[in-house]
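In C-alpha cells below, several structures.
Both complexes shown next keep subunit A, but they swap its partner, so subunit B is in the first and subunit C is in the second.
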Partner chain A sequence: MTRILPKNRLDDCIAAWRSAGFSVLAPVRRSDLSRFEEVERSEDMALDLVLTERTIKDHFFPQTEPLIKYSIKKHDIDTQEMVPPERKRVFFGVRPCDASGLAIDDPLFGWDYRDEYWFKRRDNAVIVTIACTTSDDFCMCSSVNLSPDSTKGSDVMLRPLQNGSGWQVEALSDRGNALLGPISSILKEGSDATASTASVPVRFDVDKVMAWLADPASFESHFWKEISVRCIGCGSCTFLCPTCHCFDIQDEGDTYTGIRRKNWDSCSFPMFTMHTSGHNPRNTQSTRWRQRIMHKFNYYRGKFGVNSCSGCGRCTRQCPVDMGITETLQAITNLTK
Partner chain B sequence: MGIQEQYRSEAAGLLSSGAVKLVIGFGEGSTVERRRPVFVRTPAETERLVLDGGCVANLSTYLLTEGLLSDGKSVAVFLKPDGIRSINILAAEAQLNPEQVVIFGFDIEEGQVRALEGRKASDFAPVIGVAKAAGLSAELQKEAELLDQISAAERFEYWKDQFSKCIKCYACRQVCPMCYCRRCIVDVNQPQWVNTSSHTLGNFEWNIVRAFHLAGRCVACGGCDRSCPVNIPLRLINHRMAKEVLDAFDYYAGECAEQKPVLATFRQDDPETFIL
Partner chain C sequence: MIYNPFPMRVVSKREEAPGVRTLKLEFVRQEDHEFFKANYRTGMFGLYGIFGEGESTFCVASPETRKDYIECTFRQSGRVTTTLADADAGDIVTFRGPYGNRFPIEGFEGKNLLFIAGGIALPPTRSVIWSCLDQREKYGNVTIVYGARTVADLVYKHELEEWKHRDDVNLVLTVDPGGETPDWQDHVGFVPSILEKVAPSADNTIAVLCGPPIMIKFTLNALGKLGFNESNVYTTLENRMKCGVGKCGRCNVGSVYICKEGPVFTAAEVSAMPQCDL
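Right after this comes the complex of A and B.
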C-alpha cells in the first residue's frame, strides 16, 4: 500500500497548499509558450507536456534581477540591497531533469559565498516532480546518469498510475514531508500499479566523453572547428539550459542614482570574454562551443563532482540550426571507439 | 535524375574543378523531419547534400562568416528566392561580391522542391519579379490584420505580453543575413547605449531596434520567427515593416544588386506624410 494523490482532487490540493501560505506554480501554456507560472486551478496546468520550453531555473535565477539600489551624493554613496522576499512556493509537475538542474547548481551558488538571491528562493521552494511516462527525440537524461524518474533535486516524487487516475506519492525530504501535511486528508491509500516510465535511449557514452575531454590534447583538436561550424552564436542553448548559470553585472540609471542588476550572459557571445584591451581569448565560435562542453563535462565536474547537464535536451530541441550537446557528445563517443 | 541528384553532381563538379571552394547546403538533421546546414568541401562529401521540402532555412547568413569570401574564391549555396533576394541586398550594401556566389536555386511549393534556372544572383531577376508581382504573403497579411483591428492600447498590451517572453538570446539576430554588424548596437558598452537587461523596457528596446534596422531589408525568410525559442511572432513585425516600405515607396527588398537601400536614399516625390 502506498499513498495516492487522485487526479480529481488536484483542485483541493492546490487550495490546501494555498491556504497553507504557498503559491503553487505549474507548467502552463500561455501566449504560445510553455513555462512555469502560478496557477489557482488544475485546468490551467499543462501536465501532459514532455517538458516546458522554459525551465524552472527562471524562477530561482531570473534572466534579469535587481541586486542593489544606489544613489551617489556629494560625500557618500547610499546602497540598498534588493534581496528577494521570502515566499513559500510549490513547484508542481516539475520534470526530473529540471529538478536535477537545481541540485546541480546548488553547490555553485553556495561555493565561495552563499548567494542569497538563489538560496532565498531555493530554501522556500518545494519541488514536486512527476516521473516521465513520455519522452521525445531530444530527451537524453539516461545518457548523463539520470533517468525519467530520477529523484535528484526533488522533495516529492509523483509516479503516474497506469489507470491514469492519479499519482503514487513519495516524500523525499523533510520539506516534501511537510508539504504533504496540508493534503493528508486528500491522499488515500492504494496499491494501483504505476505506469511504466518513458524509455529514453542512451545516446552517448558520457564516461568516454569525460575521458576524452580530460586529455590535454583534446583542447586543441580540430574536432571543435568541425562540430561547431554551423553554430550561429546565439544564446538559445544556454538560456534554455536548466543548469547554465553565467551572468553579467550592469548598472542602469544616471550619474547619481540607479539599480545594479544581474543579467544572464552566455559563453556563446563574443562579448562574454572580450577584454577591455580589445583582446578576446575566445575569438571564434568553435572556442566558445568548446568552452560550453568543457565547462559542463570537465571543469564543473572537477570542481563540484557532477556534470553540469541534466539531459533535458532543450539545447538541441530548440537550436535554430539543429546543433546541441547530444550531437557533440555522440561525435566524441565515436571518436574514441 | 531528380533535382537533389542533379545539384549534388553539379556541386561535385564545381568542387573538383576548383570553381568553388565550398558548398553550403542542407543535410539530414537530428530527426527524420529536421534539415540542418552542411558545409561540403570535397566532391565525395556532396553525398551528404539533401534537398526536399524541409530545406526552408535561408543559408545566405553563412556567407558573411568572417573571412569566408575575403580570398576572392567562390562559394556555392542552396537558396530559395528569399535567400537570393538577401544576396542582392548584401551586394547592394557592399557586404559581398555577388560574382563570388554560385546559387543552387530552388523553390518549395506544397512541400515539393522545384529547381530554379540560373547560377548567378542576377539570373533570378524574373523569379523575383514574379514574387514581387504576387505581393506580400497573403497569409501573413491576414494574421497582421487581426492585430490592426484591435485598439492601439490592446495592441500595445499584445506586444508587451509577447516581448515579456524575450530572453535576449539574440537567435533572431544571429540567424538573420541582414544582421551582419560585427558589433551590434546592443553590444556597444562604452557607453552602454541599450540596456542588456531583459526586462519590459529592455525587451521593447531590443525588438524595436531590430524592427527598424530591418525595415526595407527583410525578405521574410522567416528565420528569426522559426529560431525564436520563446515563440514571439516576429514575422508580424517584419511583415508590417515590409508593407510600410512597399506602400510608401513601392520598395520590394532585394530586387537586384543595384537597388539602393530604401532608408539611405531620397526622391523628390517621396511621401512625407509623417513630417508635420
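Right after this comes the complex of A and C.
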C-alpha cells in the first residue's frame, strides 16, 4: 500500500497548499514558450507536456534580477541589497531533469561565497516532480546517468498510475514530508500499479566523452571547428539550459540613483570574455563552443564532482540551426570508437 | 553580502604616465577595513567600481605590509576606468575584495628575489616588492628589472627614484628602442634581452614576473636560459571578470578559474594550462 494523490482532487490540493501559505507553480502553455507559472486551478496546468520549453531555473536564477539599489550624493553612498523575499513556493509537475538541474547548480552558488539570491529562493521552494511516462527524440537523461524517474533535486516524487487516475506519492525530504501535511486528508491509500516510465535511449557514451575531453590533446583538436561551424552564437541553448548559470553584472540607472542587476550571460557571446584591451581569449565560435562542452563535461565535474548537464535536451530541441550538445557528444563518442 | 561592494573614499590621485592613474582609497566603514586587514595578502585582486558605470578588475597595488589604505593603478581605457580616472579626493568609489590567492612570500624568505615587470604590470609586482622590502632583512639580494615602451610610460617614477638610490636594491630600468629621451641614462632594449644581459643568478632565487603575454613568453625563455626552474617563477594572470568569486563563469583558462585558483601562478602552472585559452 502506498499513498495516492487522485487527479480529481488536484484542485483541493492546490487550495490546501495555498491556504498553507504556498504559491503553486506548474507548467503552463503560452503562445510563445511554455513555462512554470503560478496557477490557482488544475485546469491551467499543462501536465501533459513532455517538458516545458523554458526551465524552472527562471524562478531561481531569473533572466534579470536586481542585486543592489544605490543612491549617491556627492560624498555619500547608500546601498540596499535587494534580497528576494522569503516566499514559500511549490513547483508542481517538475520533470526529473529540471529538478536535477537545480541540484547540479547548488554547489556552484554555494561554494566559498554563498549567493543568497539563489538560496533564498531554493530554501523556500518544494520541488514536486512527476516521473516521465513520455519522452521525445531530444530527451537524453539516460545518457548522463539520470533517468525519467530519477529523484535527484526532488522533494516529492509522483509516479503516474497506469489507469491515469492519479499519482503514487513519495516524500524524499523533510521539506517534501512537510508539504504532504496540508494534503494528508486528500491522499488515500492504494495499491494501483504505476505506469511504466518513458524509455529514453542512450544517445552517447558519457564515459567516453569525459575521457576524450580530459585528454589535453583534444583541446586543440580540429574537431571543434568542424562540429561548431553551424553555430550562430545566439545563446538560446544556454538560456534554455537548466544548469547554465553564467551571468553578467550591469548597472541600470545614472550617477545618482539606480539598480545593479545580475543578468543572464552566455559563453556563446564574443563579449563574454573580451578584455578592455581588445584581446579575447575565446575569439571564435569554435573556441566558445569548446568552452561550453568542456565546462559541462570536464571542468564542472572537476570542481563539483558532477557533470553540468541533466539531459533535458532543450539545447538541441530549440537550436535554430539544429545543433546542440547531443550531436557533439555523439560525434565524440564515434571519434573514440 | 556577496556582490555588495565597500564604499571607499578617494584620498588622493596621482598621474603615473599618460592615461595611467593611481588612486589611494580609504575605507569609509570601520568594519570593512577590519575585514580587509584580516584578509588581504599580496597578489590578491579586487573589483573597483562606480555605481552607474560598473566594476573593473585589477590588483591591489599596495603591499600587505601597509593596510591602512588601498592603492590601485589602472590605465584609463573603458567606461569604468574613465569614470574612476575622473574621481577626485573626497569622492566615493567602491571596492569588492580582496579576492583570489597570493604570492607565498613566506616561502621566499632567505632567498634572492628577482622582480621583472613590463609597462602597466609594475603595480601587481610593486605590491610584492614593497611587501618584501618592508621586511627587507628576511630576503637576500633584491633585483628589479622594469621596462616600458617609452620613458613617459614608466609608472611609479618617484618610487623608481627611491629604489635606484637604495643600496639594498638593484634596479635595472629599460625602455624599448626609440622610447628613450636624450637624457636617458639607463638601458635601451626589450626586457628579455636586457634580462639576459644583466644575467641575475638563478641560484637560490625566486623570480616574480608580470607583464603583457608577449613579454611573459619571451622573458620565460630568457629565464630558462639563465637556469631558472619554472616552479621558482611566479606570475599573475588576468581575465575579464564579473563576480570575482567563481560563479559568473568567464575567467577560466581551461579548467582553472583565475578568480579562485589564481590570479597568482607559477610559470610551471601556467605552462600546464591550454595555451590557446589564455
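By our rule, the second predicted complex is superposed on the first by the 336 of 337 C-alpha atoms of A that agree within 3 Å, B and C clash if a C-alpha of one lies under 4 Å from a C-alpha of the other, contacts with A are read in each partner's own complex, and residues count from 1 in each chain.
Operating definition for what follows: a contact is a pair of C-beta atoms (placed from the backbone, for glycine too) under 8 Å apart; a residue touches a chain by one contact, two chains touch by 3 or more.
Keep in mind it's a predicted model, so treat the numbers as computed, not measured.
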Simultaneous placement of subunit C and subunit B on subunit A, clash or fit: fit
Touching partner for A:54 - first (subunit B), second (subunit C), both, neither: first
Per-residue touch tally on subunit A - higher for subunit B or for subunit C: C
Which of subunit B and subunit C A:264 touches, first, second, both or neither: first
Which of subunit B and subunit C A:193 touches, first, second, both or neither: neither
Contacts of A:63 with subunit B and subunit C, given as first, second, both or neither: first
Touching partner for A:322 - first (subunit B), second (subunit C), both, neither: first
Touched partner set for A:248, first subunit B, second subunit C, both or neither: both
Which superposed partner A:234 touches (first subunit B, second subunit C, both, neither): first
Which superposed partner A:211 touches (first subunit B, second subunit C, both, neither): neither
Subunit B versus subunit C - smallest C-alpha distance in the overlay, whole Å: 5
Touching both subunit B and subunit C, residues of subunit A: 248, 250
Subunit A to subunit B touching residues, read off their complex: 31-33, 53-54, 63-64, 137-138, 229-230, 232-236, 238-240, 248, 250, 252, 261, 263-264, 266, 269-271, 316, 318, 320-324, 326-327
Contact footprint of subunit A on subunit B as seen in their complex: 29-31, 34-39, 57, 61-62, 161-162, 165, 167-171, 173-175, 187, 189, 192, 195-199, 202, 223, 226-227, 229-231, 233
Parts of subunit C lying in touch with subunit A, wherever the complex brings them together: 1-5, 7, 9, 28, 50-56, 77-78, 81, 90-92, 94, 213, 238-240, 242-243, 245-255, 260, 274, 276-278
Contacting residues of subunit A [partner subunit C, same complex]: 67-68, 70, 72, 74-77, 79, 81, 83, 108-109, 111-116, 216, 219-220, 245-251, 253-256, 258, 260, 262, 265, 267, 272-277, 279, 281-282, 287, 291, 294-295, 298-299, 302-303
